[in-house]
Every structure is written in C-alpha cells, then in structure tokens.
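Order of writing sets the labels: A, B, C, D and E. Residues in every chain begin at 1.
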C-alpha cells in the first residue's frame, strides 16, 4: 500500500508524536553529560536534575530580596503585559480591519499606511518607542501592540473584504444602514477570524514582550532570562523557556476552544 | 407590485461589451423567467436591476422613476448561494430585517418588540416548514431549507420586486418541485413583480408568465468585433398556453445555451 | 508624537519638586537600587521636601538615551558615555556624584594566549564604542599596536559569556561581573585591565545641569542619600553585609561575588576623596584621552569639527575644549557639602 | 448613498493614500523643529535635511575607519544573510510541510514537534544557538531559519492537507506512486503557497536578522542601528529604518510579481 | 470490462449507519445509473468501489477478486469538481498518466517518449474538441470543457470500471446533451463497466442500462433507531424500454429524493 494511504492507529500516532521529543531529550542529556564530565562547573547545558531543582526553587521559595516567589511574580507580570498588549492590538485591529475592509474611503486612506507599518521592524525603532512611551509598563505593552497590530489589521481587513458581496447586497435590500451592517453582519463574522489572528500573533507577541522586558523591567519572564543570561545560568533559562512555551501553548489551546464554543456556526480551521 | 422599464441599457466592462440594446417593459405583477447561455449576462442584468452595477448607458425606471443608486428594500434578492447569514440562527435571520428597521443604534430590537419580532418570525417559519429548525444555523440546514429561509427573508421586507438568481440550481428535483409551489403560492398571494434567472427551461415555462431569452447576436450579421448579449426572445405566456409551449420553447433554446461565453 | 516629543523636552530651567533618575546594573551603581529599596531616598527627599523616583533600566545605553531625551533628570553613566551621548547631544550635564572608577573591573581577556601582544590579528569581541572599546584602544597603545591590527566584533554585553564559550571567539574586552564569569572558564587569561589606567573609566551620577541649577535641593538629596548608603555598605558589620547582600542579589550574584567585584572597583566611600579626585590634574588628562578617542571614532557627532567641539569644565575654571560650548561639568560642590556634613 | 457604496475615484484614492504619510511627516517636522529650537544639538528628532545629508554621506562617502561605503556594505551583508536564511527556511519548510501534510505517518511524528517549536521564542535560547552554530554568519542565518521555519512549515503543511482529496484519489487511479504524486501533484501546487508564506515571513525574518546583528556582527543594517544607538544618532537610525522598510517592500513586491508570473494557474490572493 | 460483486456491505461512521445490506451484482459492460436523495450515501458507495473508504462489513469483488485496498488504475473516476489538475495545462493533464507510467524517478517523460506522449494527448484532444485549448489552464476552460478533459484523462488509463459522481451537475442543458453523447460513444466503444451518480432522473434513464435507486428503508417498518440507505429499486432497462420507462421511473422516484438526509 502507498505510504500516503497508511494511517497510523490512534495509539501509534501517540507514540510517534512522542518520539522526536524523547530523542531531543536524550541528545540533550548526552551532550550535557559530556560537557559536565569535561568541566563540572559548566553552565551551558545543565543536567535535567539541576534544572528541575532550580525550577522548583524558583516556583516555591520566596526570593531573598523581595520576599516574592520569583516564578509567579514573573509569570503574572508577563502575562498581564501580554494580555493587555494582545487585547489592545485586537481592539485596534478589529476596528481598523473593519474600516479598511468594509469602507472604500477608509481603505484608500489607511491601507497603504498599515501596509508600510507592517514592514517596519519594530526592534529597529525601539529607542523611539521608549522615548515616546516612556519606560514603564506602557512601553512594553506598546511594543507588543506596535509589533502585532499592523499584521493583524491586514489579515482582518482582507477577511472582511472576503465576506461575500451577496451578503452585503442582501443586507442592503433588508434595509440596513452601513452602521447596522457593520454591527450585525460584518462584526460577528469577523470575530472568529480575530481569534484565529490572535492565535497567530501569540508567537510574535511573546517575542516582543521578551525583547521589551530585556530592556526595561524589574520583573517578568523576559527580564529574568535577561538578568541571568549575563551569568549564563542556563539552569534558569531553559526551564523558563519551557515554561513560556507551555504558557504559549495553553493560550493557543484556550483561544481555539473559545472560538469553537463562541462561534459554533464558523467552521474552524481544523487540524494543524 | 411595480412596473419596471428598462430603456436601451448597455454595459461594457473593460471595453468588452457584456449587454447591449436591452429594452424591456414589465407591468406590475409579472413573473419574468430569464434563460440564456452561461456567461451571457443574466446575473449582470439582475445586478443592474438591483443597482449593484450601473449600466454604461440607458436607464432603468421603477414605477416611472429612475432607480435608486444603491440596493434598497423595495427590491428583494435571492441568490443561488450565500443567501442567508451564516452567523445567525434560522430565527435570527428572520428577525434581522426587523432589527435593521428598528433604527436602534445597536441595530437590534430589545424587550417586547424583540419578542414580537421573534413571534412573527416563528409564525413565518411554521408556514415554510422550518419551525423545528428555528435555532439551527444555516450550515446545519439542507440546501432546500436554506433557500426556503432565503426566500422568506427576502419576502419579509414585502419588496415590490423580487429578483431570483438561479435560486434552485443546487436542489434535488423533489425539493425543487416543493420550492416551485412555495414560490408560486407566495407570488400569487403578494402579486409582486418577479425576475427569476434559471438554467432549467422547464422551470422557466412552468413558473413564468413571460420568458426572456438572453443571447449574443450581431445586428449587422457580420464579425465587427465582439458583441454584447441582448434579449433575443420575449415570450408572453398565457397560463393555459404554458404547458403546451414548454416543449416547443425547450427546443427553441436548446441550441443556444451550448454556446458558452468562452466561445465568444 | 508631537505631544510626546514636547512632553519630554529637556527640562527647562524651572524649579519643581518631583524628580526621576535612572540607573542600570553595574557594581558601582548597585547602591542606587539599595537606596531606593531601603527608603534612604525617601528619607532624604522628604528632608528637602521633594520626591525622587529611582528607576532601574536593564539596558545601559537605553537608560542614557532616555536621560538624553529628557525623560529623566539624572542617570548613572561613565565619563566617556556622558561626553558622547548627552553632552555630545547638547544636553548640559553635570557629574554630581563621582562614585568610583574602574580599577580592574574592565579587562582584556584572551583565550589560550597569555600576552597582550598576542592579540594582534585576532577578532576581538566587545561592545563597540563603549568603555571596553576605549580600554582596548589604551591597551593596544601600550604595546604599540593600533586598532587596524585587529578586527573589532560588536557583541552585546548580555551575550558576552555565551559568546566566549563558542570556538569563534578568542579575545574579548568586557566588564564585571562578566569578567569574573569568563575568567572561570578554562583557558581564559586576563592580559590587561583598567587598573593599568586608573581613574580613566569613571562611574558617576550625571544630572541635568539646568535642573540642578534651578533645584539645588535635588542634588543635595541625592548626595545625602548616596553617602549615607556609602557609610552603611562600607562598614564591615551586619548592616553593611546585609546591604551588600541585597545589592549582590539584585545583580544576580552572591555576597562573595559582589565583594570580588567591589575589590576591583575604586569606590569613593568618603566624599572628601572624590572631591580631591575631581579637583586633581589626572582627571583632566583622562578626559583628554577620552575625548580624542571619541572624536577619532566619529562619536562626537557630525557637527564636531574637532575634539575641542564640546567643552568640559573642571573645578577651578579649568576648561578642556570650547569654552563657549561647555556641556559636561565636573562639579564637586555637593560632594563637598557631604564631606563637610552640611547636607 | 451609504458610505460603503461610495467608491473614491482612482485619483482621489491616490490622494487619500498619501494623506496619512504626509500627516506623519508634518507632525514629525513640527516636533523636530520644537526640539531643535530648544536644543540645536538635540539628536532625538533630527531635521529631514540632516537625515538626508547623513543618508547621502553614508551612501557615497567611504567610512573613516574601514574605508567601506557603509550603507552598501551593510545592505549587502544584511541582504545576503536574509536571502540565505529565507532560502534555507523555505527549503526546510517545503520538505517538512509536504511530509507532514501529505504522509500520515510523518504527520503523526513531526506535527507535534513543529507545533511546539513554533511556540518557543527563539530570542530566549540564543546562548544555545551560539554554542551550536558559532558566532559568525552561520548563527545569524540560523536565527532567521529557526525563527521562521516552524510557522512556515505549519502553514505549508496545512495547505498541502487542503489539496482536495479528489485530486489525490484521481492521481492514484492514474497510476501514480506516492513519490510521483509528491513531485507532480503536491509540490507544484505547494510552490505558490511557499511564495505567499515567504512573503508573510519577510517581516519576522527582518526582525530576527536585526536581533542577530545586534548581538554580534561587524556589519549589517541591524548592526549599524544598534551601534549608533550608543550615541543616539537618530539621523542614522531613522533613514536606516526607512531604508529597511523600502527593502522589505521591494522584496515583497518582487515575490508577488514572481508568483504571478511563475504560477499563472494559481489565483493570487489579490488585494491586500 | 469487469464484473463487480457487492456482497452485503454496510458502513457506519461514528456509530451512524450510512449504508447497509447493499447487494449488487453487475456484469461486465453494464452502465449503472445511481439516483437517490441527497445525503443518502451515493458518493459514499462510489468511494467504496474506489477503495477510498472501507466498508464496515461485507465485501466488494471485482472480477471475482477482493478489491485492492487503495485506488488503482483499473478503476477510473470523474468527480463533479476538482477533476483535473489546476496546475497543469490541458495537454499536461493528458500527458500526466504517461508520466506516471514512465517509472522515471522524476515522474516525467523526456525526449522522444515525451514527444510521443504529447502527440497522443493532442490526438485525444482533437477527438474531444479541445485541440485549440491544449495550452490553456483548466481555470480558463468552461465547466463542460473541464469535464470533457476529466473524462478523457480518466479514460486514458483504459480503466475496466469507470466511476462518475454527478459528472454533469454543473453544466448547461446544451453542454450536458453534448456530454451525454460523448460518454455514450466512449462507453459503446470501450465496453467498460460504468457507475454514474446523478440527480437528474432523465439522465439516468437516458444513459443507464440499469438504474439503482438508493434510499433509507426500515426493514422492520418500525422506528428502531436510524437506518442506513440501501438499494431500494434496481431497474434493468432494455435499450428500447428505456424511453417508455423514463416517465414511469421519474414518477416512481419523484417522492423519494424529497426526503433529505437532514430529515433522518
């Protein structure tokens, strides 16, 4: 039978999915062993046991200086910045996306600007951002917003423009004003895509958050990674990276589940 | 309930003539079935009646007045697809026109008025046999059920003119027959003016009081560049005549549709 | 943007009561974090009826940029960066508190080589245009080499240790705590450090001259808090160890590590010493070196026709460069008041 | 007439599109003027004229230290890294995307791994990248590749999975082996999406390039921006950002044109 | 050219029975037209004949042997849509089977063999009237032209069994008539065994030698849970009978399709 017609069973799918992760863990363990044997003080590839110990310590023991439990304060700080950034970006992208996708005049005015802005690498204008937005919470949230909003806006605008013209015409024959159509036809059909767009933006949002926290913060997951990077404390960095990945994965899952529940009429992307 | 006068309209898109010299005068309450080869401009003609497209020249008058420059509630439309709103339930789709009419800034009725609108919608749903499906989404309905809903939705505005673009193209013969009855019944009841595009000649003769055949002809008989389509046959049917003419009509137009727009 | 730019204009000379200073993580500046956390700042600010907000910024250059843009009234930085960024950018800046100079904290480190002269022909990883670059220039001078004999690779300080671990890197110039972490690695040899050029890499709290002139209380509060912290941390008692431990944790190390860093830093715990240092001849010579280095590297800006373009003022009317464009001032007045105990 | 039915003419579309850019330029010029009046040596918001002078100098005069013409060496260095990174990422994403999207067994094995990898913020694991890839050109290219490949792979895999099953069945009835289908049915239909995916990856690729060049480099546009940030030379940074944006826009345009020409059978995304 | 034996197959998906007790014995060269309500399992039945779907129970034998577990070149298929490869030109679509057959690692013929294959493809295109369109892409063809190409492509493998799933659903009446002729001609020429699903009863009776009607019936007449569809009528037509039976047959099944799967 052709290989494309061979479907693994549910059980072997599970096993196959675990294999690459296991392989990576084994390779890491070996590399770590080799380095640690050559130099027991090596910091680059700490053993799993020491990473685990460090992680447990960060997650349970209060910090000597502040009395806070570092992992949770960092997580809370980062998640609240991320949530705020994603929320603001979603709101702006939704409004602009609908305006650009639905109203020809706004499209003519704003589409070129949004297009140009989505091409500016935000990291290159960091100094300007920090000066405009200051260095406190606002600037971190702003970097996330500036980093992800243009792309989300373009995405939403093109989805709005893709709403079948027939529906818009139909709504007009049913007596709808532009505003009524926006509220009752365009907005509800754009929301599922907004969630999908947010899911795509999660990766970049974390990236910008970490970049912002590395420059100016006193807590947050990115701050901690940055702080200990100077000492090459990979026993902190690696568990933190795994933790971030887990958080990102959970947010992704939550958004997907939310969309499936909130928009039962929308065929979700399915699969990958 | 309205007369429609189409005065010598023509349309070119990007220099290519699509329609030309289309003249038509329809009295109130007629049921015009439109047939013609694929790509000859039938949908385009409906789009112009709906002000979705503006003719390059000529004029369209409704009840003697120039048609509004954009779609308005006096002309209802049922498309072959996308005819209902996928994000609203069946009942929601029928309440929507009332929501739009409410003039509320949220484009939504509340309280007692909402309950009234919903009750009216439910009554309508019972009438078209969708009562049990009121809280389903369109994607959960069969094609025929969706089209019934689309027609009910279009009729809820009591349009003077109803435009139908291949409304039954995707349906089973059985469901199609049901829909024919539904449509005939509603038309007799409301006496609106109907324009229906169809690919099914039988359907055209069965439902229409008048069958319009669109086709491309070259007035000079020569090959002087591409020509747009126009109305080549305009058959006014007596109710009694219809059955008899059906066969003859079918033979008449059988050859025409074989010429597709691609051969132009 | 217009509003923001207007809002962060360099503070005009006007009296006000709320001040903001920023600092970044470096051994000589860790006391600022301690001063903020321990309440010393509030105590001294209250005494003068003002408020001073002390903000930590991870990225050193960003902290200076923010100060230069006018967001902060003061910022901890080195003499060299004060000259190149705020002073070069037209922001009149005063060295309010000269806290220390690097006395071994900055070093040139070679991998598997032991003599400075071996650096010839190598790629050298360092933060370009920083004091490391300056130290390298001075080191090359001392063995008769020039910058063209090597290749400078700009490398972010945050990644210096990881960079050193790669096989591509054979020479680095950096500062503590990175120096001590790198020296722990096999094959690393320190071939030159800042103790060979004492007093040239100076760490100070720089403040906006106009703000200071209009609000002398701001300077007094900062100096008062700073020198109280100096007294606490320099003592070999429980309180001193606790203070140093707090600073150690904040910089991501422990007390022993922090003390080791302090050992290669010449801290001016006593304000009188700092006053003497600022009033001496050596600092003028140092600044001359520094400004020529900056000019040679084009850092003084395009408008600078010569190293003399920006004037530097020292106590006793000594001025280096253009007397009509003095933008960097070493003013011992507030340290002197601390020394005299009149704050 | 409803606002959504009001279509601006071609001419007014052009004017409307320029307006926001002009507005930004005017605001900038005003803010710059205000700051420069307060402090003529201010570097934060240089006047257009001085930015232009600096840009011309960078583009024409050899550098005092190296003797190179800075703008061109930087551009060349960055573009070659970017091109290499995009090329490698495209190749990997194409192969993995087809494997995951087309072959159930590979999908079971690799999809979870790629999913997890697309969530890891690459900037957080930089030290490991350095150790594995060294510090020179390779590491910069690697950061781009690691940053954009997982997302591209997921995108391509889902597109491959979207190829109508009918086509695959049809090919099998025409006697195709799995390999023959891969070559003749799946690959050609995936290529246009690869180009689209590359276009989407341009933004992130520039981002990672700049981040990599900020960390260790001797030339490149990102290197220059972060270097001159040390003395707040916005007269260099702003023209560089504009230049990067222009380059990104041109690459985007080139890819779009290429796709339209190379895949005439594929309906291009159109519009936004 | 092959016999097909369907032995009591049943299929449930997720516990829902789709088909059950389907028995069928088709002799070589028969033309089976399959009709039935929407969603009753006609396409699913074809999928099983093609090994795209495996029955839950029962067996399918071709020429007395169990059918291969995956699609093979002895069974050709024409779908309503997606039936040709959009990225290949018309000629490319017809050369493709030869490319596959070449066994070359690049799945592509070169040199003289390529020229031969292309010549054969061109000859075929002339025969089906697509000669002038050889270098167009499918998207540039009309629906009828695409279906002609799809049929030619399926036939190029000389399959013993040809499966057609609503192949003419999207076409004009005129083009449809042309296609009927093309298909009848080819069938008579090659004598392959044909299964064709259609919604058009007339088409079924016009082309088929046998008409299979799929429908859901409950064997116990009761309401013991949902039931799968099966073959409820199996009409073997003499060529001469066909015309006569057409009307009767149409009446016979007219009610059935009105019941859609949604009502189940």
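Convention: a residue touches a chain if its C-beta (ideal position, glycine included) is under 8 Å from a C-beta of that chain, and two chains touch if they have at least 3 such contacts.
Please read all numbers here as calculations on a predicted model, not as lab measurements.
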Partner chains shared by chain C and chain E (touch criterion as defined above):
A, D
Starting at chain B, figure out the least number of steps needed to reach chain D through touching chains.
1
I want to confirm something about chain A and chain D. Since they are copies of the same sequence, is their interface symmetric in residue numbering (over half shared, so same) or not (under half, so different)?
same
Chain B and chain C have mean C-alpha positions lying a whole-number Å distance apart equal to 79
Per the centroid of Cα atoms for each chain, what is the distance between chain A and chain D, given in Å?
18
Expressed in whole Å, how far the mean CA point of chain C lies from that of chain D is 38
When you check chain A against every other chain, which residues touch at least two of them?
2, 44, 127, 131, 172, 177, 229, 232
Counting only residues that touch at least 2 other chains, which ones in chain E make the list?
70
Per-residue overlap in chain C, given as positions that touch at least 2 other chains
1, 5, 65, 69, 159, 161-162, 165
A full list of chain pairs that touch reads A-B, A-C, A-D, A-E, B-D, B-E, C-D, D-E
Seen from chain D, its contact residues with chain A in the complex are 2-4, 6-8, 12-13, 16-21, 44, 100-105, 108-113, 115-116, 118-128, 131, 151, 154, 157-158, 161, 168, 172, 177-178, 181, 202-204, 206-207, 210-211, 214, 222, 225, 229, 232, 234, 237, 240-241, 244-245, 248-249, 252, 269, 271-272
Any idea which chain B residues touch chain E in the complex?
37-39, 140-145, 172-175, 177-178, 199-201, 254-262
Contact residues on chain D for chain C in the complex?
24, 27-28, 30-32, 34-35, 38-45, 50, 53-54, 57, 64-65, 126-127, 130-131, 134-136, 214-218, 223, 226-227, 229-233, 235
Provide the residue numbers of chain D that touch chain E in the complex, in ascending order.
164-167, 169-177, 179-180, 183-185, 188-189, 263-267
Help me check something: in the complex, which residues belonging to chain C touch chain D?
1-2, 5-6, 9-10, 12, 61, 64-65, 68-69, 81, 84-85, 88-91, 125, 128-130, 147, 151-156, 159, 161-163, 165-169, 297-299, 301-303, 327
